[in-house]
Amino acid sequence: MPPNTSEPLLELATCSISFGGLKAVDSFNLQLFPGELVGLIGPNGAGKTTVFNLITGVYKPSAGQIRFGGKLLNGKKPYQITACGLARTFQNIRLFGNLSVEENVKIACHLHYQTSLFGSVWKGKAYREEEARQHQKIESLLEVFGLKQLSREKAAGLPYGQQRRLEIARALATDPKLLLLDEPAAGANPQESRELMALIRWIKEKFKLTILLIEHDMQVVMGICERILVLDYGETIAHGKPEEIRKDPKVIEAYLGEEAV
Amino acid sequence: MKRLAAFIGFFLLFLLANRFLPEIIDPYYLHLFTLSCINVILAVSLNLINGTTGQFSLGHAGFMAVGGYTSASLTFYLGPKIIATLDFLPAILAKNFVFLFALLGGGLSAAFLGLLVGIPSLRLRGDYLAIVTLGMGEIVRVLILNVEAIGGARGFSDIPAYTNLFWIISLTALTIAAVASLTASSHGRAFLSVREDEIAAEAMGVNTTYYKVIAFVIGAFFAGMAGCLFGHYLQLLHPNSFTFLKSFEIIIMIIVGGLGSIFGAVVAAVILTLLPEALRYLGPVKDWRMVIYSLALIILMITRPQGLFGNWTPDFRRWWPFRKPQPVA
Amino acid sequence: MQEFLQQLVNGVSWGSIYALIALGYTMVYGVLQLINFAHGDVFMLGAFFGFYFSRWTKIAQEPTLFGFFATLLFAMAACALVGVIIERAAYKPLRERPRLTALITAIGVSLLLENGGQLLFGVDPKFFPSLISETRLYESANLVISNLPVIILVVSLALMLLLRFIVMKTTIGKAMRATAFNREAAALMGINTNNVISFTFLLGSALAGAGGILVALTYPKIDPLMGLLPGLKAFVAAVLGGIGNIPGAVLGGMILGVSETMVAGYISSTLRDAIAFALLVVILLVKPTGLLGSRVGEKV
Amino acid sequence: MRKWIIFGLALSLSAGCAKRDDVIKIGEYGSLTGTTATFGVSTKNGIDMATEEINAAGGLLGKKIQVIVEDDRGLADEAASAVKKLVTQDKVVAVLGEVASSRSLAGAPICQENKIPMVTPSSTNPEVTKKGDYIFRICFIDPFQGEAMAKFAFENLKVKKAAILKDSKNDYSVGLAQYFAETFKGLGGQIVAEESYFEGDQDFKAQLTSIKGKKPEAIFIPGYYTEVGLIARQARELGLNIPLLGGDGWDSPKLTEIATLKKPGDALKDCYFSNHYAADDPNPVIQDFIKKYKAKYEEVPDAMAVLGYDAAHILYDAIKRAGSPEGAKIRDELAKTANFPGVAGQTTIDSARNARKPLVVLKIGEGGAYEYMATVNP
Amino acid sequence: MTDNNFILEVKNLCVFYGGIQAVKDISFGIKKGEIITLIGATGAGKSTTLRAISGLLKPREGEILLEGRSLKNIPPYEVVKKGISHAPEGRKIFANLTVRENLELGAYLRRDKPAIGQDMERVFGLFPRLKERIKQNAGTLSGGEQQMLAIGRALMSAPKLLLLDEPSLGLAPLLVKAIFEVIKEINAKGVSIILVEQNAYQALKIAARGYVLETGKITMTVTAEDLVTNEELRKAYLGG
């Protein structure tokens, strides 16, 4: 099944977590290889976002192991996990609403910031050089996402679609190897969805990313994912190429329904 | 190099101010200026915790008290000994050296308390954090009441009058400059991200734990120095000066100024220090002073809920005449 | 042993006063998420309303049970009115604003009531008439139980049950909970959220008024700043129990009262407040939402 | 409109008054608002009465006295602001205030620096007058009252085991308690319990229960009447029926009013406190003062009013003797004050600028009436 | 536009959020018993229009007429009384209340107990899942169940006109289908419905007309037939 036989970039082995007795994710396994674009789908409450939260350290798994590039992620804080090269977006957009577009992205750059607290108060030469470098990086990122003209706007004031894009741009500013996208197409109309698909494909090549994607929009999922995992009630019910998933009777019954095919 | 020259320039300027201002300006106005500056330091430092980092702290008076009492103990008990060993220096230098030592001692002790108070902020949010910081402040006050060596309920009197205009002006300038510079840097944006959305900040690689605690530490450090200036100005520290009402006063300043705006905090600190004093000149309705003060506060909040300056900070560099012209975007 | 029992009685009766005031705090907080710092001052007004009412009506001279209830009702009604006026004038314009703004306004209202009270009632303490005279319910060499603390305890518990009933079982209670959860959605249900909020203030302030009278009976020295400290402590009690939670307010009040008493009685009376606050800090560190408070975990 | 014109006229008139040279300006600072406002207001009443008396009798040095009052909200930094304003803006010739030692300590250095005499009516902390030779006090200092009551308890009441309940937030109370304990132990007595409360507290049962368990024969409560009334009630409610002792902070008509269980003042029956004067003293100075005070303020004066009244009179007397509103001269005359016939006793200022005067011990009897017990000379 | 058949008419509506104009001079109408749908990209002003109708936002200009009478300056809780019920975007159910209490709140203004009971049974008829969970706190429901509850709650006020804001948002395809079935069923019982949808294809299939909004303006009025005939349209807004 895996497209190549190299070491997996991300590996979840029998991960479980429950909330108040309810198994949200049960013995979940996932192997993600460098350069892949994998989709994670399933009905509401199936535990998709929980998987993201496990990977990014928001929740601690009650059992199982999470490895990234061979390194164990269990017990690491979210910011440490991000520092390993893992970035995400959120289902309900979580931008820094009162800050400008530029500042939003700059905060994500902070991860690789060298200047000390004192240095940034004194604002010496090294500081200014670093700020300049940071500024350049951000400029080019915003350019790519078509947000450059808006860089002084308050993030909360942007239209929804641009907020979604800004969130992805912000995640990219942490220089990730793996990008986790949580329903990037939610609320987009078909036209916007198509643009988004193109964008995702493009950044994947440009930034040499591996991408894991949660999405309800079947056009997007089927259109860009190389592999798809289907979750229901915390368990993986199907796994395969898009065309296989589309025909899987279990998936149709639990999730897709007859007509959507 | 230019920066260093500017520092030396300011140093000399402040020394001159210290020498000549008292002769030009009415002592009462000088007194109000001093109190305003102390409140400016308090407001700007609290603004870093409360406005920039979004940690609702009601314990600033506690930091001020710890800084004030620590520094007063240093100058009162250790000061004479240090001055005696520094007898090769002119007396005025020795005195000011002791005061610098006391300022640092006061600031650092408050910063240590800030570290202790910062730790609960990792688990607590909003009103719960507010009440814990308030509790910490009250604990500090009650403990001070119980220590006879620093005066207990009688207050710590006979503190040497080391605070002068030079220290007042330079520490106020330092506080504003340091906090403003920090806020405008990448670290400053990390503070802001904690305020805006902690979960997203963590996901973007910001160590929110570190920034929350460090905000408390830095804020407390400056508040501690303010306490030191306060004690060595009044020559007296009394536990009653550091009740939760004092913390409320500082909170009011930063919100009236506009939460998060350093410029607003400075202006509001000055206005709110001067207002009760200005109301002394009301004449026949002088008894209504505090009623008018509280009414003014309510009306201001209703008519300008975002504070006087909202989030706005003027770009002072724009007014700097020697600035390099920037390319028009 | 009897001394310990006596201290327990002292603590419970002191705690029930915290509980009584904390109930009003918690009500308002539950619906508006506003720390109504003026609550302690409305409590003070309750005592003063009762004081002047009982003097003007001459109830003070010849106390009767009827007179007591008349005074109580008058104080509750007057405080309810004041509470609604405060809400409409000072808090309502800030409803859509950040909570800190409303909090500062609340501090402003509190300062206004305190300073205005000092101008209006004078700064000297007043003696509150004994509308109900102190009698001893139980007495031995080392254990005395009087009627007033028992009355306060019973009233606090009764009010707690009543409030819980109102909030959980009645239509207005449902409307209150809906308003608390999401004001806009509540309005879409046809709930006049402004009225619901005013009603909450009315209820909370009436409670404060009743508290003022009951406390003034037991501690008959009243002055315009009498609400400051009990107000703060009651707020601490409400947070301790989990703010917004009605039984939590009573539990928090009791814990605070008993622990303060025990600390003062057995450890050190100078450290009483320090230890009370230390207890608060420890409890909140262990359970960050207070003893009975619950918070729906933030959805990521 | 007319109202506004009158208001404007009144304003300009009052402003005009302030500028005239035919007044002697005296500054007064005190807590007119805040938690200790009741003491500041009483003091102000006493000062106002003394001022009116002098002005009615033709004033001082041919001029009227104008007292400029500034509120300090009970805060040390505001006290400093108030004194700074009085001294440098209003250019007062002398300052009266403050009740609390902490605020006097904040104001004193400013007066000293500007060579303006300051007379505090009731700050008992010995440190206050050590601030300089322009700072005076006309009340007892802590050791005197504490020692006197300790002696009275041990010798007159034959108490061997005493307890102390002090206000830890109040330096006056802490000071008295300290000297009481030292003297009482020196005499051979035993302090079985030392408990404390904070000004503004309402419930004292925990401390009282604990004290009760130690079985003392008397409790020394050197607090203010604002709390002592409640303490007495609660002590009796707990069945603690031993004498309570206190200092001049007790002296107020409110005390016995609050300490009422069944009959007025019954919770304090057979309790003792030290005071400046006895209300039943036939001395005309005292009787006259009480009568006039009652007529003016419709209540019985408390200790603060008496001390404010005396402080003002002692200051005015010194100005009269100095013959000039000059600070140094007033200071010299204040220092020479001897056997001034104040309401609060024959006052003499000693070389440390503290007052030396006798105190009286009063007993609270039936219906809250005070009975004279003894006079103690310094 | 004086047709008395219109249950609701919107005339020249302009709505501002702060300084930003979210809705620019739009007019449309819905007849008794109709379903109409507002479609368009996020931020086009669809939700804003609904919020103006239900009184949550005050229009700066224009008129909203319910059965010929203006709704100007009528607060949201009065609008409910007049027969408009709004199931807002993001469901906004009361998570700390039980399912039953949520439904009861929907009928907050009604005093006719027996009829309320009947209506509740009807809601359970439409959504049997809700009946199973009647005593649960609404916060514990899954996303789909919460959406059912939001619609059911809106029905409890026995509205003449139902405003549904993105009922299919974030739902699995299977559930989306079910929800649209229910919407048809509700309409069949005589309730007029204004439906705001991302899923324009599904929405237009059950609606009489669709109004396409673009940056606050109505740019087109479309019907289900247009899906077949207008290629441009299909590409731009309706997908596939």
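As written, the chain order gives the labels A, B, C, D and E, with residue 1 at the start of each chain.
Heads up, the rule we're going with is that a contact is a pair of C-beta atoms (placed from the backbone, for glycine too) under 8 Å apart; a residue touches a chain by one contact, two chains touch by 3 or more.
From a predicted model like this one, the values you see are computed outputs, not experimental measurements.
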Touching both subunit D and subunit E (chains): C
Farthest-lying chain, centroid of Cα atoms versus that of subunit A: D
Interface with more contacting C-beta pairs, comparing A-B to A-E: A-B
Inter-chain centre distance, subunit A versus subunit C - centres from mean C-alpha coordinates, in Å: 49
Inter-chain centre distance, subunit C versus subunit D - centres from mean C-alpha coordinates, in Å: 35
Whole-Å separation of chain centres (CA-atom averages), subunit B against subunit C: 34
Subunit A and subunit D: spacing of chain centres that average the CA atoms, whole Å: 73
Residues of subunit C touching at least two other chains: 115, 270, 273, 300
Sites on subunit E at which at least two other chains make contact: none
In subunit D, residues with contacts to at least two other chains: 32-33, 168
Contact footprint of subunit C on subunit B as seen in their complex: 56, 120, 123-125, 127-128, 131-132, 135-136, 138-139, 142-143, 145-146, 199, 244, 248, 251-252, 255-256, 259, 287-288, 290-291, 293-295, 297-298, 301-302, 305-306
Subunit A-touching residues of subunit E, taken from the complex the two chains share: 20, 40-43, 142-144, 169-175, 177, 198, 200, 235-240
Residue ranges of subunit D in contact with subunit B within the complex: 7, 10-11, 14-15, 32-33, 70-71, 73-78, 80-82, 84-85, 88-89, 101-102, 105-106, 109, 125, 127, 167-171, 173-175
Contacting residues of subunit C [partner subunit D, same complex]: 3, 6-7, 10-11, 13-14, 17, 115, 118, 122-125, 127, 130, 133-134, 139, 141-142, 144, 146, 215, 219-221, 223, 225-226, 228-230, 260-266, 269-270, 272-273
Residue ranges of subunit B touching subunit D (in the complex, touch as defined): 26-28, 31-32, 35, 145-146, 152-155, 157-158, 161, 230, 234-236, 238-241, 276-277, 280, 283-284, 287, 289-290
